[in-house]
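As written, the chains take the letters A, B, C, D, E and F, and residue 1 is the first residue of each chain.
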Amino acid sequence: MILHTLNASPSSAAFTDCVSIMAKGDALVLMGDGVYAALAGTKASKTLQQTDASLYIMTADALAAGVTNLAAAVSRIDMEGLVTLTETFPRQQAWY
Amino acid sequence: MTAATKKTVLLVLRHSPYGSGLAKAALDAALASAAFDQSVDLLFMGDAVLQLQPDQDSHPLGMKTIGRQLASLPLYDINHVYVDAQAAARYNMDLSKAPLQTRPLGGHDMHQLMVGYDHLLGF
Amino acid sequence: MIYSLLVLSSPFSGHSSRRAAQFAHCVTARGHTIHRVFFLDAGTLASAANSVSAQDEESPVTGWAELADQHGIELAICITSALKHGMLDQVEADRHERASPTIDAAFTVSGLGQLVDAYASSDRLITFGG
Amino acid sequence: MTAATKKTVLLVLRHSPYGSGLAKAALDAALASAAFDQSVDLLFMGDAVLQLQPDQDSHPLGMKTIGRQLASLPLYDINHVYVDAQAAARYNMDLSKAPLQTRPLGGHDMHQLMVGYDHLLGF
Amino acid sequence: MILHTLNASPSSAAFTDCVSIMAKGDALVLMGDGVYAALAGTKASKTLQQTDASLYIMTADALAAGVTNLAAAVSRIDMEGLVTLTETFPRQQAWY
Amino acid sequence: MIYSLLVLSSPFSGHSSRRAAQFAHCVTARGHTIHRVFFLDAGTLASAANSVSAQDEESPVTGWAELADQHGIELAICITSALKHGMLDQVEADRHERASPTIDAAFTVSGLGQLVDAYASSDRLITFGG
């Protein structure tokens, strides 16, 4: 089980590489430019949902970017939520 | 600033608002151009369309909000703002809610636009 | 649990470095131990003592320095990356005949062995890049 | 370095050799791990496969050649090197000519590989 | 007529954006990570050729990257060649 | 012809900044005039006087300093970007109470008006980023 953190926009190679590795049982946290992948109705957010991984977004980063219209599968978390995920998942992979 | 011939200038923005310092740098360059009486136009391409996302608020992250600053450009007589229509569609953006009034363009139109300027500054 | 952090992002590009400092604060608030924060590549610029932020913007150093002050957490910057980026402590400034150190006092110049020790000693190694 | 439990570690490289400092940072981290008797494995993913391009020579640009430095890894007992097969194919690379002997993996296999380690360091 | 300079790999948004703008009569100079777009037999080099623009690569950057097997349409230039192109083309667009 | 250059790339990431300096040398060698080189954003790090390069690697400052010495070319760094990145001349070091300047003497701290003047005064404006 991998906790993925994505800090790059859906137009980046980081996004493509991250998605190619994500699997059921993994979790993904969108942060920084990664938050744009959560926008409802986009190809990026559909691609994320097809991975069957759990999807999270850092609330403050989403608000900064004006990303308010989230795809339904994406849950908002704060910094404590991120720490909690790192407690649960034994390893993290940073994509950027 | 020394007296110099006026040049027509297009700032071509290509990067997201907070992922690097480039959006802020381009904004500062646009404002400086206006302050020194040199008019510039703007083209938001690719991920730079995300600078036009409505309701940004980056203060909680300790950074200035780009979208709010873009809204002030018309006060400085920067009125010709173009946007990559495909990129805006890719991010499912409603440009009518953007902080700036923009004119959407396709790929061929962007090329036509760019060849009309003396200088292109790519940010 | 014991955590270590690896910070690769420049504090002057994006907010990843700032967010990493907030993450570290939150890790300690939840009762975990942070063994070390290791700064590598452009991450070492977080130690830049001479950075002057714009009004309304937070200095990138502040969040990290608070972490060291309040919780005694070790902030280790990789010596090779630090030298390349012009980040010198007193010893390095003397050695390379520069006028004065350029890193904030909260940071320590270290070898990469301290990154190895960090991941070997920690239950979690969390990387911040971009 | 304090005595500590050994951990299994995979360095996940994702960036091109000269476009940033990340390839060099990862290489230095790998060599330091070996020097401190902590074994690490390497996975070259996406654009990082370009680090394995044969016949690199960046000396004329005033930089050290990454490919040449990678060739020395087996001397430090770093022998488990994996590569993103799709990315290598995308760049039409002949991995038999790479400076390192590598094992090509598909997406699913890379996931399987990654879950076998205590720590993943993403460069 | 535009002189494009590309300093980003084919997996970047910079490449995609650059290609979407390139047109006949334009020139493109590959430099830095842009040189990988010249690799023979890749989708990237085919995409470049379809733009009908003139294609150039900085020799020193190509050698640094080990990019020796160039697509036929790409010509090697040195720094003086780049300066010559900037003399000919009235404007440059930097993609990175 | 009259040229100006805009340098946005960090000298510590990729070789774009170094290549820009070589481009500038070549422009003058072909008999053109360089009105100004303007450094903005991470580009301002090219002025870092305290950077210590690894053996076998060239200092990013060298190529630019030679340009200023040999051809008297103006190397202007944007003040806002420079302050953010900790690049201070003597005046700014005094103003912000830092121990000593951190930029190489070949560079001048300027406002963005000098970028505007650069493109308004030049036949060619060549940008280096990435």
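Note that in this section a residue touches a chain if its C-beta (ideal position, glycine included) is under 8 Å from a C-beta of that chain, and two chains touch if they have at least 3 such contacts.
From a predicted model like this one, the values you see are computed outputs, not experimental measurements.
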Neighbouring chains shared between chain D and chain F, ordered by label: C, E
Select the chain at the greatest separation from chain C, using centres from the mean of Cα atoms. E
Please tell me whether the contact surfaces of chain C and chain F are same or different in residue numbering, using the over-half criterion. same
In terms of CA centroids, furthest away from chain B sits chain D
For chain A paired with chain F, centre-to-centre distance based on mean C-alpha positions, whole Å: 38
Between the Cα centroids of chain D and chain E the separation in whole angstrom comes to 27
Chain centres from averaged Cα atoms put chain A and chain C apart, in whole Å, by 25
Can you work out the whole-Å distance between the CA centroids of chain B and chain C? 34
Chain F residues touching 2+ other chains are 8, 12-15, 19, 42, 54, 80, 84, 125, 127, 129-130
Residues of chain E engaged with two or more neighbouring chains: 8-9, 11, 13-14, 16, 32-33, 61, 64, 90, 92-94, 96
List, in ascending order, every residue of chain B touching at least 2 other chains. 18-21, 46-47, 58, 61, 63, 119-120, 122
Pairs of chains that touch, anyone? A-B, A-C, A-D, A-E, B-C, B-E, B-F, C-D, C-F, D-E, D-F, E-F
What does chain B use to touch chain E in their complex? 12, 14, 45-47, 84, 86, 107-108, 110-111, 114-115, 117-120, 122
Please output the residues of chain D touching chain F within their complex, sorted ascending. 18-21, 58-59, 61-64
Chain C-facing residues of chain F, complex: 10, 12-13, 42, 45, 48-54, 80, 83-88, 92-93, 96, 98-102
Name, in rising order, each residue of chain A that touches chain C in their complex. 7-8, 14, 31-33, 58, 61, 64, 79-80, 82-84, 86-87, 90, 92-94, 96
Parts of chain E lying in touch with chain B, wherever the complex brings them together: 1-2, 13-14, 16-17, 20-23, 26, 90-96
